[in-house]
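Chains: A, B, C and D, in written order; residue numbering restarts at 1 for each.
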């Protein structure tokens, strides 16, 4: 029996998966905090304790994500693009386009179902089109970020909302609230605008169906719905979209062991 | 922030409201406080001019002027020698060019990106857990300003947090942040061909670290009013006073709104 | 505005808001519409072919989405918006599209247009970037090639007589536009800038005869007005490329300015110069479109050898208009990523300075989202000159 | 900020060929040469642009060309463009315009204001010209507007603007129908240039000399084509990183014996390398095409980064501003001006006929397809420089079109019921985004992350193909 770890140190949240030959033995997520090294250590401990294993049992660890270079115990570091493709194809082999909405960047990639990537694109130098804005607005609305999806779906009358700057979105949201716009309608407007932005990024490399959405943003049912509406077709979301990159990293770890054998 | 200045012969009340986006819409409270300080009721105020981002949303204002006109008016009142004004606010930064007679002859403003405004400093200060009042002095202790390679506020925030974790001193980070903002401001106001005297006003004028970085990059000496936050409100009050005086001279009626202290929606 | 009176402006508003409404109706009756962008496509040739030229426009209210699939975001936002609406199918009632060599954005995206849109006719008109005898000769030939390609498309010959007739009605249209501009000379102007731009925009979606009819009605209406729709305010001039959405002009007028003249592509630049009657019609057209349309893309030699002389000869029309319309302030409105206009901003600034006309230069991205930012700038400018 | 960037000057880039390494001194010599020529006052010095294919006319009249794009590129490569860009910005030019032009205008204005070179001007600075030759090419607005904008700061320097159109590719039209009047026009424009130069230099054009020079550059065109085609070899002996140097003789030195000799040497060097089986990278794993875009001059080291991952670049569409003349049937003529005009049209319409034969293709796409075949390409890399529309608009569309009509690489994948099936998939592609010389638009971390991900992609495709 081999055990492998996949660790994804994101800018906001860190995610980890432990696998054996059969499948997942557990996963864990926590805030990345300021000290990525420490977070990675803690992640490893948590995963081991969930699987009831010790450090020596682990044959290979692959790290990915914003802070991957600080996972000093990793055997290999892989870009999140490749990990995402692997992760998605293991769960949704029919997906050809993957949209990952992370904290700082939105990433879109085209894959063939085997985990190969054909092309990809990252959002640019402005955080306005990524997941961070969701957090910012959640704070203004004084709701938890995992509540905004459901709220948005309840909207009856979506407002026009300019995404633009992720920082000033806060100010704009406050002024909208004072104009007696409801939280629901505001969120629906935000989701619509963000989805449009994400869609045009995706379109730049061409979208082939099926489309899968992963990353923090895929947990947001309102955003997923908005993107479905804009695209006019269904969008797949794997069971735990947050873990996709970590899962992919773990699979890559496991695969490289079998190749070496 | 919301500021109120009540003017008679001289300033009889001047109040600065609290910081933070949550409070921005509570502008009417600031007005109440100012009235309290002046021991006046709102009915007793002859004329009210609103300025700033939320100027259109002040229901009890008789007239609106932009910050550009008002800051210029306020600054020229305080510094008749002013030729270039840089207003560093929380929403945007403006450069204003003044001619010898104190008239605005040109101006520039940045686009809607927090990276080019005072908000940049607010966000970073918050990330580093230092209060706005102290960022300036802290940064002046630095001898090796850090390089902040990201422009976007959010990315810079992440970058600064990572550097802090790596042990880069707080003061160096703050100095770096000030350099970065000063660089963006400089690039913009240089379009005006900066001339002496250069006055910095707005909240940014309270930040000595930023002022020093700006002064170095512009290669110019910089003057700051004693209370930089209120120059816009002061200018608005002066504009109001002029309107009243003109109306009195010409014997024309003043067009005023109903004096009700309604809630203010600030954009 | 009385109820009966504003009737014709309701029609204009309707054409403006439902752009292409009339084209869709007429298409049902078998008329063919040929789309075009920019002021450099010789409309008379399209009219002479029996088709109707239709200016495709963008929308500042619609976020650009599908257009970004095929076109880089470093193309000027106005052109991206026009492209976006087109690939979204908004102009599918057109039979064809003509694109001139107005700027790099137009040249480099021609393939994306011609492969991305369902029209059966596409044509690219090359426009010389200098203006000497040999360029005019070349342009004659290029216009003749355009004529032939339209003949091939419609299956009908375009005769000199057709061309002359087309030149005549288009010139009539230009006279009417001049007459409308005359109405702006009153202080405050009898027609607002918002109304005027809406009217011209509506006109550019109609067959030329209908456009002439519409302008006549507007003229009668405006002449009959006792009073201006605007309060007296600073008289503002608008300089720039294509401004086919009224938002900026509306904003200026809301804030108390009176927009009284312009040199924008869908305004004076396009509508003022007339085509010579008599002589060879193709060559008359090439002389109008290359020689008389004062577009920054056309290089005209600096004969003066001094900078002042150069700007006076390049921008002399601006000086004439500002005098004629008693302009008190100007707004130079340039899109981000627009090379032809972008490179002229400092020279234009210097020219306005030499005229002693205060100038507000704006760089914008063709989106209603920036109106808030523009508001402060425009208001401050009006305060500055007021 | 400018200071910090100067400090962060990258290490000298490693070249794979001796020829590429010899370029630096050549360019330097050439810039000092213009300064010297001006100081001596014997010859006239002219600002001008590359890719106009008429440098023979300058040389025949002993006019010394100053390539303003080159100077801006040097400022970029030295990471010292920012101060000139900022100056242009403060004059009122938007950063969204061609940054070569902004850098040049900023520099010129500064030099004119001081009456001497700006402090620490790169390689001695850009000389004040006697006149400027703009070119209203159908491709590039800045090349028609740039000098006009510079003239604001040196109004006494005359401009001659030469119009050089070519018929744009139109699917439903045979370009030969219009070539006649295009040719006539270009000939007249070129004669106009000759007349202008004669007037400026007070010399008469020696047409025999011109004919010789045209002949020399024709031979150089063919030689370059032969030399570059050697790069089809596996492993590839010279990559795009080096080609960004060897483009100097193509674009700045054409119609000189030196350029010809340079390619004689390069050809020999490549042949020897091929004989020894020596590649640009030691262990060539991937062959990539630089499929569009000017490079980020301050970040040429990114090519080495690609190389360090086993990726070589046997071909690039950028700066290959010549085409094999022996594959074009240009009309015979004794008049060198007429020939220049035919060559110009021949160059731009080179791929038209081929593109017509493939539905959905167009010349730029056709060239990509052909070279993917000829150079056995595994992936395409492009660079979108935000400030230049000329070379950077249409790239996404070309990739889309490529994906639609060209699916050359069969891949086996597990299909329904566990069966292996053969599918065709598109070529992986990567678009890098930054600018030619504006370093503020570039992030090394982001770029390298993208490259990492792209190389991992190529790797996973190869390993899939192997199984």
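Definition applied: a residue touches a chain if its C-beta (ideal position, glycine included) is under 8 Å from a C-beta of that chain, and two chains touch if they have at least 3 such contacts.
Everything numeric in this text was worked out from a predicted model, so none of it was measured.
By C-beta pair count, the most extensively touching chains are C-D. For the pair chain A and chain D, the distance between C-alpha centroids works out to 40 Å. Centre to centre, using the average C-alpha position, chain B and chain D are separated by 48 Å.
Chain C and chain D have Cα centroids separated by 35 Å.
With touch defined as above, residues shared between interfaces to two or more other chains in chain D number as follows: 91-92, 396, 400, 443.
Under the contact definition stated at the top, the residues of chain C that touch 2 or more other chains are 69.
Among the residues of chain B, those in touch with two or more other chains are 112, 150-151, 267. The touch graph of these protein chains is complete, with an edge between every pair of chains. Residues 63-66, 68-69, 369 of chain C are the ones that touch chain A when the two sit in their complex.
Chain D makes touch with chain C in their complex at residues 91-94, 96-98, 101, 134, 136-142, 144-146, 148-149, 151-152, 155-156, 158-159, 161-163, 165, 167-173, 177-178, 181-182, 184-185, 188-189, 192, 360, 362, 364, 384, 386-387, 389-390, 392-397, 400-401. Only residues 21-22, 24-25, 91, 112-114, 119, 123, 150-155, 158, 161-162, 164-165, 263, 265-267 of chain B touch chain A when the two sit together in their complex.
On chain A, the positions that touch chain D within their shared complex are 78-82, 85, 112-122, 124-125, 204-206.
Contacts from chain A toward chain C in the complex involve residues 162, 164, 193, 196, 199-201, 203-204, 206, 230.
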